[in-house]
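One chain, chain A, appears in both complexes that follow, with chain B as partner in the first and chain C in the second.
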Partner chain A sequence: MLVLFLVFRLLPVVGALLLSLTDYRLSGTWDFIAFDNYTRLLSDGMFHQALLVTLIYTVIFVPLTVLLSLGTAVLLHQVVWSRGFFRGVFFLPYVTSIVLAAVIWKWIYDAQDGLLNGVLGLVSIGPVDFLGQSGSVLPSIAVTSAWKGFGYSMLILLAGLQAVPKSYLEAAMIDGAGTWQRFRYITLPQLRPVLFFVLVIETIGAFQVFDAMYVMTGGGPVRSSYSLVYFLYDSGFKYFDFGYASAIGLVLFLIVLIVSLIQRRLVGRDD
Partner chain B sequence: MVNLLERPAVQEVTETPVAGRRPVAQLTLPTLLTLTAIVTIAPFAAMVLVAFAPPGGRTFPDALDPTHFTFANFSRVLASSDIPRWTVNSLLYSLISVACVLLFASMAGYAFAKKKFPGREIMFWAFLATLMVPFQATLIPSYILVSNLNWVDSYWGLIVPTLANSQAVFLMRQFIIQLPDELFEDAEIDGAAEWRIFTMIVLPLIRPVLATLGIFVFLWHWNDFLWPLVIGQSGRMQTLTVGLATLQSQSPPINQLMAGATITVVPSLLVFGLLQRYLTDSITMSGLKA
Partner chain C sequence: MKFAVRTTVCRVAAPLTALVLAAALSSCGGGDSGDSSNAKKSVTLWMYPVIADQAASDAYWKKVETDFEAANSGIDLKLEMQPWANREEKVSAAFAGKKGPDVLLMIPDQIPQYVANGSLEPVGDVVEPDKDKFLPAAIPGLSVDGKVYGAPIYHTVTTTMYNKTILTKAGITKPPETWDEIKAAAPKIKAAGFSTLDYSASPEATLNLNFYPLLWQAGGNVFADDGKSVAFNQAPGLEALTFLKTLWDQGAIPKSALSNGNVIADQPLGKGQVAMAFAAAPADAGTVAKTWGAANVEIGTPLTDKKQVGFGLPGGLVLNAASENSDAAKKFLSFMIQPAQLEGLSKASGFFTPRSDVKVVATDPNAAKFADALQYAVPGEPNPAARQIMSFLSAEIQAVLTGKKQPQQALDDAAKQANDLLSRQR
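Showing the complex of A and B:
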């Protein structure tokens, strides 16, 4: 176990750091080039594009998925009867792979033959080429990922809702607070740490987006869905520029680290 | 993954919702829930309907007519692709990994939780540190390592690197550390061998965690994409998840693609159907993420 861990877990972490300082190529030859990979990244238009796409995707995906999971969690919390059934339904997409979700939704979005355009056609809209336009491709992929994954955050938020002391809510009701006021001034503040956890874990997940884009668009049209991990994958396995790809990986690590640290700072201040 | 550590503790309390809602709310609630549920299920339903629809028709709305069920798409996609081979690969990848990860993680978790040995603290912190690094960041060095071992395109390369699962070790350690020390001390005083303590005392006590962790490890591997994609470069070594992406890139008729998709989802659905309770409970308790 220890050997496995050292070789396959710790070594790659150290390796990533060292590789990013070299120009390691497919042949296995390499030279130490210090921070050249990083300075190259800074002036690489493709890197800027990938970073921008990833940021835009995150900005769309995170609010979408958090609202969806919060909404369903609140709904589930209100019902007693059939809660288990609905919880199961909402959780179902979560156990499948993002590749499967992407394959189904690629067809749903299809401009000629897709389910969504079929439905829109009934009310004489469209057809819309959801995945073929740079304006709609990222929201469309974000919807797919949110559909696949919201069940997880929903469960966490539901548990959080159930932990809000009932006496607080009853006291507020006696004082004449309406449904919305109770939610806004009691439930939400109580839910804050859980909501924050969900926000951070979804943000980190969003920065690692790749599978859906690989399957649904191949990064297109014209690289408008070309994410950081896609850029990493291409640099490594299409251009075999391993040192450069490792540098991209470290940038990703830094982003994830910064998001985690911000979480710790904000939550820590609260408690 | 670091978030596992930072996840605020949540106690699940069973309770009935606050009474005294207005009648309008009592009606809109089930409607909203049902609508959301229908939208959630619709993509799956469409997939299955198209998979069983006669080949060649317009997919919408023809395929949504349930009166012409046929298995033709399944036999065609099975004949024209490597699905049986991919399924075997996926099963090997998932099941071997589950068995090994459970064994290694429980042994390492036990050692970290209850054994005193030099360097324990620093090793545990090294474990935690690797939890913070996203897998994609170590993809390239892991690949170079595997290719230097000549393991690319082999089961060794596919499976072995994924067995060092720090998240599983961490979870095990957190669970075992709560068990009372006396249990192990008594056995040691009685002169029980280390292996006997592990199999007779530790393993029976951690059975519930083994079950939930096993489900998660299975789903991680079954649904995994990036690692099998770069390791299984020849079609022969692809898993079902990667194979589905390959299948789709060849743009087969939509009925056949959806038949293939339906096949890949069966194991996940089985796990979901049989073990849903375990899954949802363990997410609520530990924040495990598949």
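Showing the complex of A and C:
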């Protein structure tokens, strides 16, 4: 297991770190340039833009997905019959391809023929260019990604809900606690470890957003949906600047690590 | 507990060991040892679906393989068909990992980057004997700094394409052929409930099929003559972007253009919601004929402003500098650029032949009109930084269309980024 971890996890990270210290070319030649890629990154306006986009997207996507997952998990927890059926239905988007989901949602959001604008038109609203306006493009993509991915977190939270001791809830009921009070003071604290896990994985997923943006908007309009991973992808595969792309990857890794540590401090276990 | 762990380890270890062994054995096997001087030399060709019809493609390339190997008994040609999608990633990964093919198809846009990275070998000696028999843009389009890197095997062309139904409904009897005529027709077409001009403003769409033809029609260029700075922010560029912005503000360009790529089907043009396109290829005419009706497709000449220009480029076979069989690969290139092979490819693909001494009788009624447009075809302005500069300009064009910037400011901002990049070019 250690060998597998070293080969498939640690070695690529070390490789990326070494690559980020060079100006590796497609022909295989390279020069050691120390931290030039990192200093260039810090002064690159495109990096700042991509980082801002990624942060804003994360702030929208994570609460949306967690709330959606928690909400459906709570509802599912109360369903007695056909729970398996509903669980399967909610989990179905998770197993579809993100590219397929993005294509479908792009049609839904279409400014001229989209389903959403068709519905809004019935109440004399719009048409709204969901993917063509800076203010709406990130929420629109976040909705797509949340729809596609909430099923996984929902299952984890459902398992967490089922592990909450019924005796605590019954005792609280006897003491006169209402539904919200029981949820707020018993269920949520009991769910804390699971919630922490969900928060971390959804945050990591948010920072890695790329596919939906690539398919739906190409990073536009005017780079308002141009994420860090999209910037990394362009640097490596479009412009063949592999060292720079590696530097972006490592900076992204550090950012995600810091955010995860902050989350652990705020939401993780107390012990 | 220990027993359960041991059992789990055994369950995982056995198949994992088998997998590793299988991988090791497969990497040892296959092919000749290369030690014997009598061993066949292998040439691997990566080809893309230039022939859209699968059966026709298989038949053509099978014949190429058979005929080439019959004429070159010491060479084994291996053809590997690749999809168009994600070709850049696959090619760059293959070259970076020294696993690329010996020969592959590239267009002028791609070649400078790979040349700058030392990944391609010149093939001037291959085309030299026949160089006077190619179309004017064919060989220069595949050259960098005077050296030829691609052997031309087809030539594309784009031109205007009109939806006659929409023009009729708008009361327009003569399809617009100039910028002024488009501006005059736009209000009538809008009144009829349609958009006038198809445009792909997605950052993933190549500017060679949207903004650059307009820039060239205005008499401008992307790059200065020495290629060390850009020129698109001069007067012609401003004129082209202002033209675009004017049409956008009039509602003459579909609003979904901001996320539209260079794909016809399932987008406003393909759905019969737009009156015309100005960079349509022969394959696009076939696509829209299915939704518009063949009788409603009209092919025109490239648009005119100060110049009449369209985009059209040669596709060429390039030689991997890391190839271990470059002599054999060059023999294949020489074989492919002969009239018999190019005529067959042109007939099967619908693309034009890059040789002026090869005439193909086309069955497509629109073929003659596309052929007329060849004389106006510009193969683009290759530069190692071309793709990155396209991304700068795409974003700024979107800024203009969405009202965030004025055209000159946007062009100057893009030019500053582009010139900074060019000054850092190794």
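In this text, the second predicted complex is superposed on the first by the 248 of 271 C-alpha atoms of A that agree within 3 Å, B and C clash if a C-alpha of one lies under 4 Å from a C-alpha of the other, contacts with A are read in each partner's own complex, and residues count from 1 in each chain.
Just so we're on the same page, contacts are C-beta pairs under 8 Å (C-beta built on N, C-alpha and C of every residue); 3 or more make two chains touch, one makes a residue touch a chain.
Computed from a predicted structure; not experimentally measured.
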| item | value |
| --- | --- |
| Simultaneous placement of chain C and chain B on chain A, clash or fit | clash |
| Chain B or chain C, by number of chain A residues touched | B |
| Contacts of A:Leu11 with chain B and chain C, given as first, second, both or neither | first |
| Partner chain(s) touched by A:Asp234 [first = chain B, second = chain C, both, neither] | second |
| First, second, both or neither for A:Glu202, with chain B first and chain C second | neither |
| Touched partner set for A:Phe242, first chain B, second chain C, both or neither | both |
| Partner chain(s) touched by A:Gln133 [first = chain B, second = chain C, both, neither] | second |
| Partner chain in contact with A:Tyr214 - chain B first, chain C second, else both or neither | both |
| A:Thr29 touches, of chain B and chain C: first, second, both or neither? | second |
| Which of chain B and chain C A:Asp113 touches, first, second, both or neither | both |
| Stretch of chain C, among 92-100, 182-190 or 362-370, that runs into chain B once the two complexes are superposed | 92-100 |
| Chain C-contacting residues of chain A that also contact chain B | 106, 113, 214, 236-237, 242 |
| Chain B-facing residues of chain A, complex | 1-2, 4-5, 7-13, 15-16, 19, 24, 71-72, 75-80, 82, 86-108, 113-115, 118-119, 147, 152, 155-156, 158-160, 162-163, 166, 169-170, 173, 179, 182, 193-194, 196-197, 200-201, 204, 208, 210-211, 214-215, 229, 232-233, 236-237, 242, 245-246, 249-250, 252-253, 256-257, 260, 263-264, 267 |
| Chain B residues touching chain A - in the complex, by the definition given at the top | 2-3, 6-8, 10-18, 20-21, 25, 29-30, 32-33, 36-37, 40-41, 43-44, 46-47, 50, 58-61, 104, 107-108, 123, 126-127, 129-130, 132-134, 136-145, 160-164, 166, 169, 219, 222-226, 230, 241-242, 244-245, 248, 254, 257-258, 261, 264-265, 268-269, 271-272, 276, 279-280, 283-284, 287, 289-290 |
| Complex contacts: residues of chain C adjacent to chain A | 88-89, 92-93, 95-96, 98, 113-114, 117-119, 201-205, 254-256, 258-259, 261, 268, 271, 273, 321, 387-388, 391, 394-396, 398-399, 401-402, 404, 426 |
| In the complex, chain A residues that touch chain C | 23, 25-29, 106, 110-113, 127, 129, 131-134, 214, 216-223, 226, 234, 236-240, 242 |
